[in-house]
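Next up: some structures, all given as structure tokens.
One chain, chain A, links the two complexes that follow: it is found with chain B in the first and with chain C in the second.
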Partner chain A sequence: MEQILQQLPEFFSPINIRMLVEAMGVTIALTFFGCGLGFLFAFFIVFARQTPGHWALPLRAAAIFYVEIFRRVPFLVTSYLVLFFIAAIIKNASLFAIALIAIFIYATAYTADIIRGGFESVPRTQIEAAQAMNFGRWRTLIHVIIPQSWPVILPPAMVFMVAFVKDTALVSQLGVFELAFRGRELNNHGFSGILVFTTIALLYFVISYPLTRFGQWLEKRLATPRSQKSQRKLR
Partner chain B sequence: MPHLEVRNLSASYGDLKVLHGVDLSFEKGEVVALIGPSGSGKSTILRVLMGLTPCTGGELILDGQPIVPSSTASVRAARDKMAIVFQQYNLFQNMDVMRNVTIAPVKIKGRPRAEAEADAARILARVGLAEKSHAYPDELSGGQQQRVAIARALALRPEVLLLDEVTSALDPELVNEVLDTIRDLAKDGMTMLIVSHEMAFVREVASKVVMMDKGKVVEVGTPADIFDRPRSERAREFVGKILRH
Partner chain C sequence: MAESLRLRNAREGPLPTLLLINGKAVGPGYGPTADHRDLSYTFQFNVIFAHLPEFLQGAALTLGLALAGFWGGAPFALLLAFARTSGSKWIKRLAGGYVTFITNTPVLIHIWFLFYGLGDLGILLGKYTAVIIGLMAATSAYGCEIMRGGFLSVRRSEIEAAETLGFSRLQTVWYVIVPHIVKTVYPALANYFIVLTLSTSLAMIVGGEELLGTAFNVASENYRHLEAVIVAAGLYVVITFAVSLSLALVGRWAFRVKAKIF
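Take a look at the complex of A and B:
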């Protein structure tokens, strides 16, 4: 304990604080861009998976294959796969970019199933009504399916993203300078593990708690007034 | 030339054959009622016409143009001329009444929004729901929702309106408000194909009644023919049963 108190001023030196803030930025950027872009791309994966017709068979197969493979492979393994594949093609590729791609791939596969579940929660009759009025697939998706499936998609998607703030720690294994990596580094420099990792833990909390609240706010905002009402009825 | 003609139509749900060679034709301005026991394939005819259920054989001719189920363009052209109202209304739950009625005219038919909204307001007034244009479907009663669904179909300015058991899901006291709306349309000369179990209503508004059973047309005639002097055994039996109620 005494040792920790002694180390405090030195640990919170401007240079360390700056480093930790930067590491936090990296963790946030990885989560936000990796999961965010992955989530967006997941819509296209689901759209591909649900394309009807014989000609679209390879498209459907590719979409299913992608989701089923990357959902089942541990994220750490995916990261190494991306690392070595990219290293084989591009020399000196940025580790941050590699981590971002790995997160993107994993988030796409994971949220695609969340989105598919949401789409499938929209009653068939709503889609038929749109078809009968000559809505194409895309318009049906934009005007009917997505607005009605938000309340089903958003909560688990936000849970995934908040959980993933923590899992970004795994890319420290690749050598990306995010929070967990910097934590280990500071610990190796002789700072007390308790001090270092308590701080790191707090910083993770600082990132994910507002994100959780943001998710709740978004859920309320995006859900139509009607579906909020029906959700209340369900409870 | 008939406005809509169905020749030797067959359809199935998986292995279950639901239509076995149905023939049907009607002129502009006619109100044709399809009657018959549940499962006789009445609704399937409407679904096939709208391209919601595939047919396995036969021909559909609308306005002299064949509807080719395998051709997206052909199905879209047919949908452009027809509108359907479903038993369960199927209003878009995420849109208010005004948007339900205007979305297809604006987004699909490309009409200016202001024009579509004025049109919608007029149609909603006609079905007696002028003041509900900002309500959401689940704030309305079943009868009101069904009238909005009719308004939504009318806003498409269809040549043929298909009504699929539009009162079957309604509480008895709400049936009349919907029937009044349809009666009003019939008076205006709207071409309609109606699937209904409301026999008194059919008798009143239909110009032609088509009696179906087990995927086939059993008898076609005026309401008086079918209800008062049915020729076939099956029609006599069916009419006898419903009139006893």
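Take a look at the complex of A and C:
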């Protein structure tokens, strides 16, 4: 305990504080951009998955395989896969970009299931009415399905993103300079493990808790009876 | 020299090797060209398949860690769920604070805290102990939330009726609450168990030799990290399918919970 009190002034030096704040920024940037891009791309994956016609069977199979496989692989394994794939092809790729791609792949897979649940919650009659009015598939998606399904899609997607803030700690293993990496670095420099990791945990809490509360508020705000149906799947 | 090595790799080995993306043709009759954008990578899965028994041992350890984490944390999850629903005000706040803290911080930080941080207090945990305790903490928090949702969904009148009939606390739980909530709590807990199985890969970070750790161990002798991690990913998919299948079957037969496997 005395050791921790001794280390406090050195631990909270301006350099360390600035480094930790930058690391928080990297964590937030990784989460937002990775999950945001993944969310957008997941719409296309679900759209591809629903393409009708025999010719589209490979496309549908690819979409299904992609989602089912990357949901069942741990995020650490996905990050290493992306790292080694890219390292085999491109020399000196940016680690931040590699981490972003790994997050993008993981987020696409998870969000695709959420989006699919949302799309399936739109009543079949709506889609039939759109077909009766000669809407194409893309037009149906934009004008009929998405406006009616986004209250079902957004809360779980938000919950996923908030939970993902914690998973970004794993990309520290790739070498990205985010919060967990800085924590281990400070511990290696000699600061007490209890001091360092409690501080890092509190910083993650500061990022994650407001977003959690926002997600809960969003869920309450957008709760419709329809949204209850989409969450009943055993993985 | 580099070009002749590349030609050699493309043709030898007991199992066929694949060319990933080839910027230029490699083979007899084509002259090698020196190009800094060389995109060829030769997969060599044979050296990884030679170590398959080690991978399977790692997979067994993965399941062991998951089971230890889950069943170690489940009693605490139940306790915390009780504390949050029917405790006094301060017990509710304490339990709520613990659950909020654990669910808003990464499990990796918990494991590092246990493994590296507790050393200052003289408590030296082994790597697997630290991982299991970290997973138990996570299970207690997330399991508490799942079971609390279940407890809160039982109608108050049923619990009052049980009280009127003189049921003890334990009898109320076993005969009134559990039958009502098992259809919603079981799939949630089963999903959580699968998430837990996947998050045992964190043990590799502190040196554990479960599936991902074994992959890196194997790759450290032949530098085929990409192939090793691909095999590990494939085994994770297989493990997840097996676990979700058995959980769905147990659900159908023991609890009559109709859950989809896919």
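One rule holds in what follows: the second predicted complex is superposed on the first by the 212 of 235 C-alpha atoms of A that agree within 3 Å, B and C clash if a C-alpha of one lies under 4 Å from a C-alpha of the other, contacts with A are read in each partner's own complex, and residues count from 1 in each chain.
The criterion applied here is as follows: a contact is a pair of C-beta atoms (placed from the backbone, for glycine too) under 8 Å apart; a residue touches a chain by one contact, two chains touch by 3 or more.
All figures in this text were calculated on a predicted structure; none of them were measured in a lab.
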Touching A:T51 in the superposition: chain B (first), chain C (second), both, neither?
neither
With both complexes overlaid on chain A, does A:N134 touch chain B (first), chain C (second), both or neither?
first
Of the partners chain B and chain C, which touch A:Q3 in the superposed model: first, second, both, neither?
second
With both structures placed on chain A, which of the two partners, chain B or chain C, ends up touching more residues of chain A?
C
Let me test your reading of the model: by the given contact rule, A:F197 touches which partner, first (chain B), second (chain C), both or neither?
second
Considering only touches as defined above, state whether A:A180 meets chain B (first), chain C (second), both or neither.
second
Contacts for A:H143 in the overlay, against chain B (first) and chain C (second): which applies, first, second, both or neither?
first
Using the superposition on chain A as set up above, list the residues of chain A that contact both chain B and chain C.
none
Listed in rising order, the residues of chain B that touch chain A in the complex are 50-52, 76, 79-80, 83-84, 86, 88, 90-95, 103-104, 107-108, 136-139, 152, 156
In their complex, what parts of chain C are in touch with chain A?
20-21, 39, 41, 100-101, 103-110, 112-113, 116-121, 187, 190-191, 194, 198-199, 201-202, 204-205, 212, 225-226, 229-230, 232-233, 236-237, 240-241, 244, 247-248, 251, 259-262
Help me check something: in the complex, which residues belonging to chain A touch chain B?
125-126, 128-135, 139, 143-144, 147-148, 224-227, 229-230
Touching residues on chain A, where the partner in the complex is chain C
3, 68-69, 72-78, 80-81, 84-85, 88-89, 166-167, 169-170, 172-173, 180, 183-184, 187, 192-194, 196-198, 200-201, 204-205, 208-209, 212, 232-235
